[in-house]
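Pasting the structures here.
You will see chain A twice below: alongside chain B first, and alongside chain C after that.
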Partner chain A sequence: MSITVVLFWFLTALALLSAIMVLLSKNPVHSVLWLIVVFFAISGHYILLNAQFLAIVNLIVYAGAIMVLFLFVIMLMNLNAETEPQKNTWLKLAGAISGGSLLLILVSVIRSATDMTGRTAQVGEGNIGLISNLGKALFSEYVVPFEISSVLFLSAMVGAVVIGKKD
Partner chain B sequence: MNTIPLTHILFVSTALFFIGMYGLFTRRNIITMLMSIELILNSVNINFIAFNKYLHPANLDGVFFTIFIIAIAAAEAAVAIAIIINLYRNHKSIDIEDAAEMKY
Partner chain C sequence: MNAIILSAILGVIMMFSGIWVNNKATLRWIALAGLLVLLISNIAEMYGYRIWNVNVHNMLYFDRFGLLFNSVAIGSTFIFVALSGSDINRVGKYAAEYYTLIFFVLTGITIISVYTSLLMLFLGIEIMSIPLYILTGSDKRNLKSNEASLKYFLMGAFSTGLMLMGITLIYGATGSFSIEVLNNPAIAQGVSFLEITGMLFLLVSMAFKVSAAPFHFWTPDVYDGAPGVFTSFMATVVKAAAFIAFVKLFDARMSYSSAVVDWKMLLCILIIATLLIGNITAVFQQSVKRMLAYSSIAQAGFMLFAVFSMNEMAKEGIIFYAVSYSLATIGVFAVLLKMKDFTFEGYNGLAKSQPVLAFANTVFLLSLAGIPLTAGFFAKYFMLASVIQTGHYLWMVIVAVLFAAVSVYYYFRVIQAMYFKTGEGETENIHPGFKTGLIILTVIIILLGVAPNLIINFLYF
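Up next is the complex of A and B:
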């Protein structure tokens, strides 16, 4: 059992356990903190999959920016375990059954997909996820979606200010 | 690395997807529902990276899809949180069942 396999299973267990804890914890602040743990585990998966730049971007944007936004809003609204609305157990059961049966179907699809069995990653050419290759491709092949996403950010910024301001 | 098959990574992302989906079904707190959506988006990102790495290791399409998904998720979180703040100002609660003016 090599070190990458051990790391893979550790990161998998960490991601799944903290994703379950996101949903189980009553306090929204604890939910956000567990979600940050999920994002760290997913970044570890990205590093194992040889996408180093993406791992750093995931940490900075998700764990750094979006989760801080969530934390600020939760603390602004003064939410805690007492203000958490509760659904009845029947709805929880219905959610578990529908989600679980969909999960079962998708897992069986993955298991029976003959195209994907036995696929393993190439280890040798390991520099495809580095920032210089990404930058060259981003500013040549993907320059149109890049510019469109800047327009999207501008409109999202204007929209957030317009929606969020007191009238 | 070459001892981890592709299907294991797909199982991880599937499990994360359905944990997020269960949260979306069963929570009534709007902010927790938004966090479940972020969980679902991240499981999709793992799928993109895994397929890019295992099926087309010389291309970068999956990485760029993931980068744009992260960018769109940031914009979506900003707008959604503005909407949530406005809703909280009007209703004084973050229960999704209280926002029922347009229901009927």
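Up next is the complex of A and C:
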């Protein structure tokens, strides 16, 4: 077993375990901390796939900015076990059944998908994830969606001002 | 491309005009002028005049169908601002920003009517939705408006997540974002499970955006909680645009039968559920605004027939349905916003106090119900005829006609209240210009009900 394969399995196990821990932790702050571990593990996968840019952005945006926001919200709302709303048992059951069916379908699709067989991840090769190639693709082939997304951000900014400004 | 770029620029212009223009009435005139410029530039593009020549790398394709719909959407928005502009100004302090957001919604609409890449579909849907979340919550002092906005945002974000997941799976299966690849018969009929799951996710998220049952739960609360003017905009132009995206996306899925998934049957279930829930629940409503929310679900059921039958007639029909439904609903809401009381009782005796409003409202409601001589009749006729043209599923036509008969009941309750019940029929102050606007809209609806080809001919010339 080469070092990349060992790393791959280690990161996979880490990601899955910490994702489960996000759901199982009773304390929401612990959930958020486990979520950070998930993001780090996934960023590790990106590096194995030779996508450094994606790995760094994932760390900065998700593990950095968004997680800080999450922590702020949780601490401001002062969530704890006492204030946790009790959910209806039927609601929980319905959620478990519908979520479980989706999981079943997705797993069976991936197992039986003919277009997945024979395709493996390009570990350590392939260079589309490098910054220079990404930049070239973004500013040549995908320049129209790139420019148009500016309208999206502008409208979100206008909206934030409209909602947030004091009357 | 004219409309996409120009609407974004006009949005920015509106934003900055808020700094220098303090009079809200002036802002409305600026918005109307902007919409007129937008409409003219889009019609010019239909005749081949392009202001910008942008290499879009096959991500957008400006065909007649999409451009005609753009004209319809911009025209409806123009009528909407002309009729209800004073109500937009009353919602809150930031009139300039509301118009800005409306222009940005139009940017999104003009993208999703001409997209050929799933990436553009996603961007268009998002540019269309995010301003709407804000417009829904623009009545900041009203708790119902806040709740509606938050609910709409959370549910919308969830359905957008499903859409992205679907696009990812499709990209994984076909290696492309292009709907030309997606609508390729070999792929549409094929058994690539990844691609089928992706399309199912897209079906769910699109059904959410057009508020088809069983993905309609957000609609009544959001339409009821949002300020009435913006409900009018959301329920008409935006919903029709989502249908255009839906039609483009599922073109090949409906035309070729797949070995694995019976897409027609899936759509069948969606349509019947939507018609059932929309019409039956609308019957029990006490508030006209909430009744209109359910009726918009019911109308979505009819529009889904265009996705279902997917032939030339369906494509003509969906454009015509978009026109007739948008105009009539904008009219009904414009009258509703002038009422002091939004319940059915509030309309009692309106025919005595405001005969012009009552008459115009009657025509709009008749059009929504699909009575002959109004545009709504031909809209429903095109939808049902397109199903008959496919040669199968005649029973669906019968079911649809039955539900249309149910819809007559709740539309006529308003007419009955206006003409046959005694009451004050209290309204806000009615400006003479508003009455003129209503009369013009009435004339357009009757004209289209007599000569539907006025719109459809634009598809072929």
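Observations
Here is the rule we go by: the second predicted complex is superposed on the first by the 145 of 167 C-alpha atoms of A that agree within 3 Å, B and C clash if a C-alpha of one lies under 4 Å from a C-alpha of the other, contacts with A are read in each partner's own complex, and residues count from 1 in each chain.
One rule holds for everything that comes next: a contact is a pair of C-beta atoms (placed from the backbone, for glycine too) under 8 Å apart; a residue touches a chain by one contact, two chains touch by 3 or more.
The model shown is predicted, which means the values in this text are computed figures rather than measured ones.
Shared-chain residue A:159: touches chain B and chain C both.
Legend: residue contacts after superposition of the two complexes on their common chain; A:151 is shown touching chain C, with no touch to chain B. Of the two partners chain B and chain C, more residues of chain A are touched by B. Looking at the shared chain after the overlay, A:49 reaches chain B, while chain C stays out of its contact range.
By the touch criterion defined above, A:70 lies against chain B but remains apart from chain C after alignment on the C-alpha atoms of chain A.
Once the two complexes are overlaid on the shared chain, A:142 sits against chain B and chain C alike.
Contacts of chain A with chain B, set against its contacts with chain C after fitting on chain A, overlap at residues 106, 110, 113, 116, 142, 145, 149, 152, 156, 159, 161, 163.
Against chain B, in their complex, chain A makes its touches with residues 2, 4-5, 8, 12, 15-16, 19-20, 22-23, 28, 31-32, 35, 38-39, 42, 45-46, 48-51, 53-54, 57-58, 61-62, 65-66, 69-70, 73-74, 76-77, 79, 83-87, 91-92, 94-96, 98-100, 102-103, 106-107, 110-111, 113, 116-123, 125, 128-129, 133-134, 137-138, 142, 145, 149, 152-153, 156-157, 159-161, 163-164, 166. Within the complex, the chain C residues that touch chain A are 4, 8, 11-12, 15, 54, 56-57, 59-60, 92-94, 97-98, 100-101, 104, 107, 111, 117, 119-120, 123, 126-127, 130-131, 133-134, 137-138, 140-141, 172-173, 191-197. Chain B meets chain A in the complex at residues 1-12, 14-23, 25-29, 31-32, 34-36, 38-39, 42, 45-46, 49-50, 53-55, 57-58, 60, 63-64, 66-68, 70-79, 81-86, 88-89, 93-97. Of all residues in chain A, those touching chain C in their complex are 105-106, 109-110, 112-116, 141-145, 148-149, 151-152, 154-156, 158-159, 161-163, 165, 167.
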